[in-house]
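Some structures to go through are shown next.
Each of the two complexes below includes chain A, the first together with chain B, the second together with chain C.
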Partner chain A sequence: MTVTGDPAIVLLIWVLLAPLLALGAGVVRPRWAARGGVVGAAVAFLLAIRTVGGPASEIRLPWAPSWGIEATLRFDGLASLYALLATGIGLAVLIYASAYMPIHLHHEHKPERDGVRFWVLMTSFMAAMVWLAAAQDLLVLFVAWDVTAVASYFLIGFDSEKPAARRAALMALFVTGVSAIGILIGAVMLRTIYGSLEIGVLAERVQPSAWTTVALALIAIGALAKSAQVPFHFWLPRAMAAPTPVSSYLHSAAMVAAGVYLLARVYPLLAAAPDVREALVVIGFLSMMVGGLLALGADEFKRLLAYSTIAQYGYVVVMLGLGGKYGIAGSALYVLAHALGKCGLFLTAGAATEATGEKALSKVGGLGASQPVLAVASGLCAATLAAFPLTIGFFKDEVFFEAAHHQGRLVTALAVLAAASTFGYIARFWTGIFLGAPKQGAHALPRRLVLPILALGAIAVVGGVKVGPFAAIASAAGQASSPGLKPLTLAYHLEASPANLMAVAAWGLGIAVFLAARHGRAALDAFAALGKRFGPEHGYIRVLGGANRLSDVIHDFEVHDLRSRMAALLLPAGVLVALAVLATPNENAWSVGVMSMADLPLVLAMIAAAIVGLAATIPRDHLLIGLLLSGVGYSLTIVYALTGAPDVALVAVLVETLFSLLFIGMLAAMPPRLLDRAAGAVSTDIRRRRDVGIGVISGILGFVVCWGALSRPAAVESAAEEQIAMVKAAHAKDVVTAILADFRGLDTMGEITVIGIALIGLLALLRRRPAR
Partner chain B sequence: MTLFTSLIVAVLFGAGCFLLMKRDLLRVVAGTILVSNALNLFIISAGLSRGAVPILPFPDGELADPLVQAMVLTAIVITFGVAALLLSLVYRVYTSHLSLDLEDLAAAEEREAEDDDRPDPQADEDELWTTGEDER
Partner chain C sequence: MTTLVTRIVSRGLLAPAFMVAFAIMIKGYVDTGDGFAAGCIAALAVLLQYVAFGPDVVERTLPVRYAPGAVAMGLAISLVVTFWPVVIGRSILTHAPLPDQHAIHFGALELLTAMAFDVGVFLVVLGFSVSTIRLIAGLGQGRSSR
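Take a look at the complex of A and B:
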């Protein structure tokens, strides 16, 4: 293991310890889990800050050396950015949650100790994100990716007694988990073609080709599904069934951000697949439009924000598709600014619901009068999303416009339209909650539900006034995606540059959109209904429903009795084996082998075994079957003895004797009438013929496989030679003994464990039966 | 020898599979044992070399492949463990159902399922695939 650079490795280890810290604290006292989680996140955040701008320290862990796979982790600019988000936003969310979760648990009538799970899962989620951010090879990346999916599954389904939460969790897991398999396939394809899983190495080797495009498209699809882009967007609004802190984290810094992170991480490879990049632009714009329209029509706070997230990550996807300085580094800045604003607004949604007990825009209003601090804090976050000057959000749109306006009129117009709709729905959200006449009473909020929002808003304003450090972080992230990229230099320019004109147009149009959305609810609702009726979610439900029915049919067949269960195992196994045999090239592969007179005893012993084995299928009497089974065993013992395996023969004699005694003893323990009834249970003729057919087909298949395998002793040199040579060094006389007790001692230990478990099971089964 | 051994393995395997399909539980156990025996024979035949016993001092000429022997040894012992467990399961089935006929057992299982007045787990599953708009 080579390690260079301190804060990075300390961070990587610390985030793994944080869940344990939360768990440990929670075990001592449930209330302390929150403290453990907050401390874990705070320390992680400090460590993440220290990685910024440092040397890109690298950690290599040998993983599967025989396959040339090393786990490579490096804190470059991109890793630092996402680690900062995961830990920093995580800290804000966890501080908020330390006040929110007790109230939430109280509302749901759950004991305090249920909350411990939340803290452990959230810190695990954070750990997965940090590892994901630092991953430099596709395998580590895939593992961390799946850990985020699992963590989010449990977090979205936190209120597991609610069907909606369970459904949402399952949907998120399905959509992001199934698409993640595409990432794995893509990674394996790249490794097969270019011989490495490390992104840096791959970047030097990739060449444009159809297979490269397919592999990268699979990876991009996984990323887009995670980032809830059209047509995979439907899982994200459902995921709001999670407690608010979870939604907030999911949308701003974790799960959904992971998708665009992956695109940025594999960006060097995308150069070899221009088609994929073009597709990104199209999908990004589609997501902006769909998300924007749905957000303009949504009524629930969290639903509105969920749709807005779809649209906002659409921006990022478009920017990555467009590329260039403003596209790549700009997308990093966009993610940063969006995380600050969106996290704050989600926390606002939770706080507003907490204060009023309502969840929808149509039920609230005028909260600004009773909650002025919340209104201001949330206003700052909203302002940054709506790209007001003096917030960092202004620059996120600025870079977007810079990236877009070189790409022709259509892209320019779409960019302005998208920014205008963002302005529109963010304005709807904020004015809907805080302005107008109060429609409900509101009670005071704990400070910890407001302060994190204020902090996020304040950072957004600091970024708007002094954008340098933020631009530097974004530039470093951009350089990780595309080495040699010029750094972003951002400042306010009061001039009629294209980007400025686009920004002004977006505000003007945004006000128009905001006003139009108020009066055009019917059209927006119709759009949402259309999506529900024909959209991808409908397809998802149909597919899952079909799969479920198919599974029911197979299940009903399978569980009928033991025979059908066994058939359900044997049949597919047989089909698979047959397919494998067919797929294996078989020309000149069959060897009859030589047989000499010296083999005669062996041949006779084998024939005896076969005849006795066949005979065992015939008799009615159980005792006879038992004896014939022993006959097979003893015949094989002779075979072992004749093939130079005295150890095996000795053990086989012992085991066969024991087995015969056991079988006969078991027969003696059961009443003869019962045994006779079982023996006389005659199957129907059809059944009987089918059983014979199954036996014959199995035999033929077994024969083909066995002959095929024995015909080609593939290994040129066997491991046996090596082990024979080592016997003296092992101070043994018998090679087989040395193998069992020494060279493969671990296997033998496993074997002893199996026998031990069988013994325990046996004792449990043979104890006197309980009263029925 | 290759072809011959394969035939023997196939006969034992086929006979075992035939017994596995029987209604009588004890025959099912006998079937698993025959299948295991067939596989043990297959493994020992898969040795890359045939020859003298691999015990010191080695004689001249080729040694029998010790690796497959070690594997078969393990397999035999595990087979015995499994067989013992299966037989005690059979015994247990006898004590609780007073029958070794699979048809009887399937019928008993169905009766139990009917007697069970818990709500159908299927109902809960079905609801998982609806959109769930109504309960927001």
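Take a look at the complex of A and C:
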């Protein structure tokens, strides 16, 4: 293990400890879990700040050295940016949640204890994001990626008693989890072609080819699904079933941001797949349009924001697709500015619902009069998303326009249109909540529900006035994606540059869009309804329903009766065996060896096993069948003992005894009526013939295979001899134990893990429940 | 239900059976048997108690309710033995002492980390078997009391 660089490794370890801190504090007193979580995030944030601009310190852990797989983590500019977002936005969200969650639990009539789970999961989520940010090889990246999916599953389904929350959690896991398998497949393909999983190494070796394009497309699809881009966008609006702090974190700094992070991380590889980059531009614009139209028509706050997130990550995807200085470093700046604004607006939505008890724009209004601080704080966040000057959001649109206007008229026009729609729905959100005549009473809010929003808004304004440090962070992130990229230099220029003209056009159009949306609700609603009826979500539901039905059919067939189930196992096994026999060259097979007198006991034991086995088919009494079957086992034990396998014989006799006794115990526990009925059941002639036929065929094929295998024993011996030779080096004298605990110890480890899992299943199934 | 002879014999066999199990496990690297076989022997001894005395007596006299805990502990021990080498920079399941190193002797016995691994296996097998026995005994009881 080589470790260089300080704050990075401390941060990586600290984020792993933060969930334990929250859990430990929560065990002592449920209320303290919040403090544990906030302290964990605060320390992590400070550490993340220290990684900015530092040397790109690298950590390498051997993973599977014989395959040359190492876990590589490095805090370059990109890692610092996303670690800053995960911990900084995380801190704001957690401070907010420390006031929000107690109220939420109270509303849901849940005990305080349930809150502990929230804090542990949120800090785990943060940890996964930090590790993801620092990942430099596709393996660590995939693992951290899946951890974020698991954490988000539990967080979206936090109110697990609500069906909508459960469905949303499953949908998020399904869409992002299944697409993540594409990332794994892509990673394995790249490794197979170029011999490495490390992105830096791959970037040097990667060549344009069809397979490379497929691999990178699979990775890009995983990223787009995570970032809720069309056509995978439908999971995101559902995910708002989560408590507000979760939504806020998910949309601004964690889950959804992870998708565009992945694109930025593998950006050096995308150079070899121009098709994928072009597809990114198209999908990004599509997402902007779909998300924008849906956001303009949405009524619920959180739904509006969810649609807006789809659209705004569309910007980022487009910028990454376009590339260049403004595309790459610009996308980093965009993510940063968007995180500040979007997080603030989500928290605003939660605060507004808390103050009024309402969730939809049509039910609230005029909150500005009673909540002036909230209105200002949220106004700053909204201003940054709508790209007002003097907020960092202005620059996020400027870099977008700079990247777009070189790409021809169509892209330029689409960019302006997208920015205008953003202006429109953000204006809808803010004016809808804070302006107009009050439609409802509002009560005061705890300070911790407002201050984090104010802080986020203030940072956005600081970024708008003094953009240098923010541009530096974004430039560093861009250089991680594309080495040698020139840094962004941003300032206000009062001139008729294309970007400025586009910004002015966007505002003008934005106002028009905002006004049009007020009067065009019917059209927007029709668009949403159309999406619901024919959109990808519909397809998802149909696929899921179909898979469910198929599983039910197979399950019903399988558990219908035991004989069918055995037949379902034996028949395919028999067919496969027959094919194998036909395919195997059979010279020297089927030879009948010589039998000496010394083999007589062995042969007798085997004949005994066969006779007892045959006898077991005759009786109808379950106890007798059980005893006869154990008789088969004991006879085979003698065979093992005689063929010089004492270890196997010992275990076989013990297991046979244990199982026979437990079997008898199970019979004793069953209702006698049921056993009598089963013993007396008469099977039809056809079924009996079928069962006998299947039994005979599979038996004969088994016999043939055994014969064929035993006719030429030489080939299989080599592995055994090799292992016998190693026994001495393992300080052992008994080869079987040495194999079990050392040479193939990992197999044993897997097996005992299975035993443990089986026990959990048994406990769940058989533990006596209190009588009803 | 059961005769006096069964009871006396089964009671008398408990401790020796555990002794045999222990011996088989410890000697696993030298002689026939390993943690798995040892776990089965010990479980059979416990099962014999259930047959002879019934679940209620066994629940009172033997610490069988910790059986699932034994599985967890066994898994933990084996996991530590499996993954500890990774922490000190070797590959998974590298047992100490290494092939060319000298093992510490305890009498005629060589102490190896592979033995600790086997202890984990023993605990998993014993815990699993005893838990299953308990569950099945519980089923039977539920029926007879109804």
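Keep this in mind: the second predicted complex is superposed on the first by the 560 of 772 C-alpha atoms of A that agree within 3 Å, B and C clash if a C-alpha of one lies under 4 Å from a C-alpha of the other, contacts with A are read in each partner's own complex, and residues count from 1 in each chain.
By our rule, a contact is a pair of C-beta atoms (placed from the backbone, for glycine too) under 8 Å apart; a residue touches a chain by one contact, two chains touch by 3 or more.
Keep in mind the model is a prediction, meaning the values are calculated, not measured.
**Student:** Which holds for A:577: it touches chain B only (first), chain C only (second), both, or neither?
**Tutor:** neither
**Student:** So in the superposed three-chain picture, is A:661 touching just chain B, just chain C, both, or none of them (first/second/both/neither)?
**Tutor:** second
**Student:** Check whether A:66 is in contact with chain B, with chain C, with both or with neither, and answer first, second, both or neither.
**Tutor:** Only chain C is touched by A:66; chain B is not.
**Student:** Looking at A:729, would you say it contacts chain B, chain C, both, or neither? Reply first, second, both or neither.
**Tutor:** The second partner, chain C, only.
**Student:** Applying the touch criterion given at the start, work out whether A:376 contacts chain B, chain C, both or neither, answering first, second, both or neither.
**Tutor:** neither
**Student:** Return first, second, both or neither, reflecting whether A:669 touches chain B, chain C, both chains, or no partner chain.
**Tutor:** both
**Student:** Applying the touch criterion given at the start, work out whether A:748 contacts chain B, chain C, both or neither, answering first, second, both or neither.
**Tutor:** After superposing on A, A:748 lies in contact with both chain B and chain C.
**Student:** In the superposed model, which partner reaches more residues of chain A, chain B or chain C?
**Tutor:** Counting residues of chain A touched by each partner, the higher count goes to B.
**Student:** Check the residue A:702 against both partner chains and state whether it touches chain B (first), chain C (second), both, or neither.
**Tutor:** first
**Student:** Touching A:435, do we find chain B (first), chain C (second), both, or neither?
**Tutor:** Neither partner.
**Student:** If I apply the document's touch criterion, which positions on chain A are contacted by chain B in one structure and by chain C in the other?
**Tutor:** 646-647, 651, 655, 658, 662, 666, 669-670, 732-734, 736, 740, 748, 755, 758-759, 762, 766
**Student:** State the interface residues of chain C toward chain A in the complex, per the touch definition above.
**Tutor:** Its residues touching chain A are 28-37, 40-41, 43-44, 47, 51, 68, 71-72, 74-75, 78-79, 82, 86, 89, 91-93, 95, 97, 99, 103, 110, 112, 114-115, 117-118, 120-121, 124-125, 127-129, 131-133, 135-143.
**Student:** In their complex, what parts of chain B are in touch with chain A?
**Tutor:** Interface residues on chain B, with respect to chain A: 1-28, 30, 33-34, 37-38, 40-42, 44-56, 58, 63-67, 69-70, 72-74, 76-85, 87-92, 94-96, 98-103, 105-106, 109, 122, 125-133, 135-136.
**Student:** If we count contacts the way the header does, which residues on chain A are in touch with chain B in the complex?
**Tutor:** Interface residues on chain A, with respect to chain B: 163-164, 166-167, 170, 300, 532, 537, 541, 544-545, 548, 552, 560-563, 566-567, 570, 590-595, 599, 603, 606-607, 609-610, 613-614, 616-617, 622, 625-626, 629, 632-633, 636, 639-640, 643-648, 651-652, 655, 658-659, 662-663, 666-667, 669-670, 674-675, 677-679, 681, 683, 690-692, 694-696, 698-700, 702-703, 706-707, 709-711, 713, 715, 718-720, 723-724, 727-728, 732-736, 739-740, 744, 747-748, 751, 754-755, 758-759, 761-762, 765-766, 769, 772.
**Student:** Mind listing the chain A positions that touch chain C in their complex?
**Tutor:** Going through chain A, the ones touching chain C are 1, 62, 65-66, 646-647, 650-651, 654-655, 657-658, 661-662, 665-666, 668-671, 729-734, 736-738, 740-742, 745-746, 748-749, 752-753, 755-756, 758-759, 762-763, 766-768.
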